[in-house]
Amino acid sequence: MTRVQSTFSVGHRLGRFIWSVVRLLLFRPFPRMCFGWRRLLLRLFGAHVHPTARVYGTARIWAPWNLVMGPYSRLSDEVDCYNVATVTLGEEAIVSQYAYLCTAGHDIHRPDFPLVSAPIVLGRKSWVCAKAIIAMGVTVGEGAVVAMGAVATKSVEPWAVVGGNPAVAIGRRSPKALKARN
Amino acid sequence: MTRVQSTFSVGHRLGRFIWSVVRLLLFRPFPRMCFGWRRLLLRLFGAHVHPTARVYGTARIWAPWNLVMGPYSRLSDEVDCYNVATVTLGEEAIVSQYAYLCTAGHDIHRPDFPLVSAPIVLGRKSWVCAKAIIAMGVTVGEGAVVAMGAVATKSVEPWAVVGGNPAVAIGRRSPKALKARN
Amino acid sequence: MTRVQSTFSVGHRLGRFIWSVVRLLLFRPFPRMCFGWRRLLLRLFGAHVHPTARVYGTARIWAPWNLVMGPYSRLSDEVDCYNVATVTLGEEAIVSQYAYLCTAGHDIHRPDFPLVSAPIVLGRKSWVCAKAIIAMGVTVGEGAVVAMGAVATKSVEPWAVVGGNPAVAIGRRSPKALKARN
């Protein structure tokens, strides 16, 4: 009989344990607006977080050392960033409340059901809306939008708007119109 | 470079801060059946809640002053009522556990990505099932049902049953049969 | 006017109240790896849990006496097992984080809107992925997979892979290839 066993090293597990305690006692309970404090904690655990990036206190980061956040990017309340592989947010990329970024799963076609993972990349000015789910290996292109509650199982083209479960194209944004703001 | 900035007044933010503290210390921890106590707290913050309406302790109300609840209406456990605009529940309207009522978003076609919002109206005898999501501006008609996990991006006709993501018609209820209960 | 009323007995309600207190104080706060302790608590409340089954601390069991877990089966973090009717996990059945097993609802076609329920059965080696939802009365066949975020409203055939909302067939697993691991 085959048991589901973890493939993580002792060092990795220890790091995650310490982080889980820090998250509970020092990250989550602090006032909402203490973005600098939370950036500091994330950096102490290896995250690359731009000084203008914002992470809210109720967001869950599985492994800070697998998190990269560009300028003005944001992880909102109750986001679950399950970053077994790296999660990268480009400049101004926004992840709204309750979204789920899932970089890992199991290979259902192999008898030992191994844990598998692949990075998630959220492009510049992209928006993952509330309650959306992003699957492992997905790249959300520059300016693209994954609508509320959508489940993105495939990469999303730049400036596309996708919605539904599974997510399909439901519209487009105009890069030209949006560039006007810079 | 454009930053995501809030458009809310200082007064509004202060109100929400005080409410968040009250919610944490006085609303949420009280025993499950203290419906009268929670109605009282909501009313102190401007909600219009009928004496027979029920809100469970783990429900999250973003702004009580934007909440209107008719007779025997209900917000169940873990419902998130993100009422930047008004959320109105008609008589006997029921919102089940983990449902998400989302009255706000961003205009993805404007360069300044402004916060936009629109009210949600849940008609008399309507039912928003567990884990369903209701988008901004949606009216769920009298007696209509939004099935478990469905994402309603458009208004739902009276006595219709919608399901899926995006939600589409999957059935109907008979008003005549149901009127028998009165 | 018709009120939504509970159909549960006083004994049942008392049992659930005591369990909710035990869950809060003794089940949830203990360290992640205390699987034996949580099995003990569940059994004290009537669950049939195999000595190799694992339930994580943040999983929510509505009624332990309606839970049956086979060898090496698993209820992961933040799973909500709303088992008004029995939930059965076969050998090596896995339920991943945030999944929702919902055995109850309301009959929307009857004037008194009665609570109705039906068991959920998760077959041997089946996998309910993260954020998936299983509706009342559904049987997930042996080796079947309900993909991330999928909403299974109907039973799933053995070795089928279903995804989307509503969930439809998106693939198959090969029992022969998988049997190699035993």
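Chains: A, B and C, in written order; residue numbering restarts at 1 for each.
Note that a residue touches a chain if its C-beta (ideal position, glycine included) is under 8 Å from a C-beta of that chain, and two chains touch if they have at least 3 such contacts.
Keep in mind the model is a prediction, meaning the values are calculated, not measured.
Q: Suppose you list every residue number at the chain A-chain B interface; are over half of them used by both chains (same) or under half (different)?
A: Copies use mostly different positions to touch.
Q: With a Cα-based fit, what is the angle in degrees between chain B and its identical partner chain C, given to the nearest 5?
A: 120
Q: Let me have the rounded angstrom distance from the C-alpha centre of chain A over to the C-alpha centre of chain B, please.
A: Those two chain centres are 27 Å apart.
Q: Would you mind listing the residues of chain C that make contact with two or more other chains?
A: Where chain C meets two or more other chains at a single residue, that happens at 151, 164-165.
Q: How about chain B: which of its residues touch chain C in the complex?
A: Going by the criterion above, the answer is residues 52, 71-72, 74, 92, 94, 97-98, 127, 129-131, 145, 147-151, 161, 163-165, 173-174, 177-182.
Q: Using the touch definition from the top, list the residues of chain A that touch chain C in their complex.
A: The touching residues are 1-4, 80, 82, 100, 102, 105-106, 108-113, 133, 135, 151, 153, 164-166.
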